[in-house]
Amino acid sequence: MSAQSRSVWQTALGAVAALAVGATVVMALFVVPADGGRDAFVRGTGQGDAYRLLFLHVPSAWLAYLAFGVTALASLLWLFPRTRALHWDLLAGASAELGVIFTGLTLALGSLWGKPIWGQWWAWDARLTTTAVLFFLYLGYLALRRVGGSPEQRAMRSSIAALIAFADVPIVHFSVSWWTTLHQDGSVFNAKMQIHIQDTSMQATLLLGVAAFTVLYAYLVLRRVQLLAVEEGLAERELEAAIAQRVAAAGARPREAVSI
Amino acid sequence: MTILSDALAVAGKDLRIEARSRVTLGQILPFGVLVLLLFAFALDPQSRLLPNVAPGLFWIAVLLAAVLAVSRSFAVESEHGARDALRLSGIDGASVFLGKAGAIVLELLALEVVLLIGTFGLYNVNVRGLEVLIPTAVAATCGIAATGTVYGILAAGLRVRETLVPLLVLPVTAPVLLGATRAFDDALTGSTGDAWPWVQLLVVFAAVYVTAGIVAFESLLEEA
Amino acid sequence: MPVVSTRSAVCVLGRFPALAGADLDVAAGEIVLLSGPNGAGKTTLLRLIAGLLPLRSGSATVLGVDLRRDRRSHRRHLALVGHDTGCYDDLTVRENVRFGLRSAGADVRQADAAIERLGLAAQSGITHRRLSAGQRRRLALAVAFARAPRLLLLDEPHAGLDADGRALLDELLAAASSEGRTVILASHELERARALAHREVVVDAGLLHGGVLETIDGDVVAQGTKVEAAVS
């Protein structure tokens, strides 16, 4: 594919992502009905408008897990000798960056929703707590990526760290949900966590949101990998130039005869 | 089995260094006890709070001390280029992992005995249910030491080792903190039956990361 | 078959090309001196031969092992004495030598003889921490010689040694060479090292001069022969 047609495709992908996210926002804010009616939250018969956050919260949570999954897969592909190529490491890094951003967004949206519904910003809900641990798990991974060394060293270090972190996800999820179910007696946890998605417009908006965020992810990760590859290529060219320079410098120097 | 006997040689070397330098005994152990003391200052010792939260405080103290023990274990290897010497010896990465992690397990278990006596004395906790406490402590410690050793070699030789190791180790070991705390809580309150699922979780965690260490350590020792 | 053979070996430290294309042949039993200014790439070349650093391009074969495929399996047959001792501060001289032997799968009973040979018998029970710089150098050499390696890589081994120590080192290297062991040493003690070495290779800005052996009828020059370095 030529560079030009690739950039056309990219722009198209970006436009689709923007349109889809915009459509999700419009649907979530103006089209779907409030849960149990507009004043439902005040009357105590539903969540009212607060639940509209769900249409961003669920897709961003989905995206965070997708991104970390892609990081693990790309790390595996780098570790496997037959598919070892540096672009897998770049993909792993780019995907983890997006994963951390969207994990942070998930946490923020979850807290915003928790305040009116649970009456507090943070209620140690199992899924939110797991997400918080994931946030720090991958923050450490990103810190490890920035410590320097050659690209191969970075790839080896971070691919193993990514798999270690990924193996921890089910264990964290399992232990946290087990831990929180022990505390179900607290009134907070009996709060209306269930939202009845009956309206077809709700279902459609949720699906649209997930699709929109997935396209957005694809677009962002693509651009990020390209940028990283350009940086990497630049560093590579500088290195080649440095090698040539050293060879030239050594060649130009007068050599004394060496004998013993 | 050369892997195991080499691992024993590495563990023996690390323990001998600790026995002679007394860093674990003279610094890490007092640090652990100090953390217990600080918790008592932060939480009113007069209330009934301390005995109730003692298991969690105990395991946080262990985790913080473990981070120091891991840092220490790899500081020893980077001091006079010992890591290169270890690589040049041709010793298997799995042996180095098992040896270093094994030494950390023994150090932490000794520390836990002291901390348990500390919680008994300082927090007024009745220590009982040893048949649960001991397997919990062993499984949890193996898990902590295995993850710590893998991340220790990842960060070894980096300028930011001391700050990076806690950021890497503590989130991964979150399930260990949860599981070991619950199991200790169940044991100390007499409901030992509830503790076993948590012990199983700890065993799974330890098995996953010991395996990961055995498989990955060679590459990390060489390339990272 | 040379013990060490590299062609156009490029080795990068971080983003710096420390070796920009090294051609080197070393035959069994040879003592080769690497000379050249600081930062020329001598240490990098020794670490590359030891398998501690990856090749970026070019080729390197050491003790019959192609380092592009395997940088590990030749290590048990070589010893590298670098700027650091590779020893542990809180272990005694004896414990350090014994651990060096033990981890290399060699017989730990060789330890006392090696310590004796390097003149450290009196310091045998003293920890590394309490040794002087010269004694540490002797300890590092004791660890290396105890294993009786086929290939000895020495990075400025004379540094820190007293007159006795230097004479002792020369003796040990000559003995190793006559036993068929190969020695590559980087040194700034040129007079002493040239008297000892069979051949001098000048390392300059990541390139080698005089690294490739002249071959006589396809065979590598016999060990122990002094070879005029071919400077192109």
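Some observations on this one:
Order of writing sets the chain letters: A, B and C. Residues in each chain are counted from 1.
Quick note on the criterion: contacts are C-beta pairs under 8 Å (C-beta built on N, C-alpha and C of every residue); 3 or more make two chains touch, one makes a residue touch a chain.
Keep in mind that what you see is a predicted model, and the values were worked out from it rather than measured.
Taken as a graph of touching chains, this assembly is fully connected, with contact between every pair of chains. Interface comparison, A-B versus A-C: the higher number of contacting C-beta pairs is recorded for A-B. Taking each chain's centre as the mean of its CA atoms, A is the chain most distant from chain C. Centrality annotation: B (chain centre taken as mean Cα position, compared with the mean over all protein Cα atoms).
If you average the Cα atoms of chain B and of chain C, the two centres end up 39 Å apart. Put simply, the C-alpha centre of chain A and that of chain B have 31 angstrom between them.
Mean C-alpha positions place chain A and chain C at a centre distance of 49 Å.
Multi-chain contact residues of chain B, defined as those touching 2 or more other chains: 223. In chain C, the positions touching at least two other chains are 54. Taken residue by residue, chain A touches two or more other chains at 148-149, 152, whereas all remaining positions touch fewer. Put simply, chain C touches chain B in their complex at residues 50-52, 54, 71-73, 75-76, 78-80, 82-91, 95, 99-100, 102-105, 127-128, 143. Against chain C, the residues of chain A that register as touching in their complex are 148-150, 152, 235, 238-239, 242-243, 246-247, 249-251, 253, 255, 257-260. Residues 133, 136-137, 139-140, 143-144, 147-149, 152-153, 156-157, 160-161, 163-165, 167-168, 171-172, 174-176, 178-179, 182 of chain A are the ones that touch chain B when the two sit in their complex. Chain C meets chain A in the complex at residues 10, 12, 14-17, 20-21, 54, 194, 197-200, 202, 204-207, 209-210, 226, 228-229, 231. By the touch rule above, chain B contacts chain A in their complex via residues 147, 150-151, 154-155, 158-160, 164, 167-168, 170-172, 174-175, 178-179, 182, 197, 201, 204-205, 208-209, 212, 216, 219-220, 223-224.
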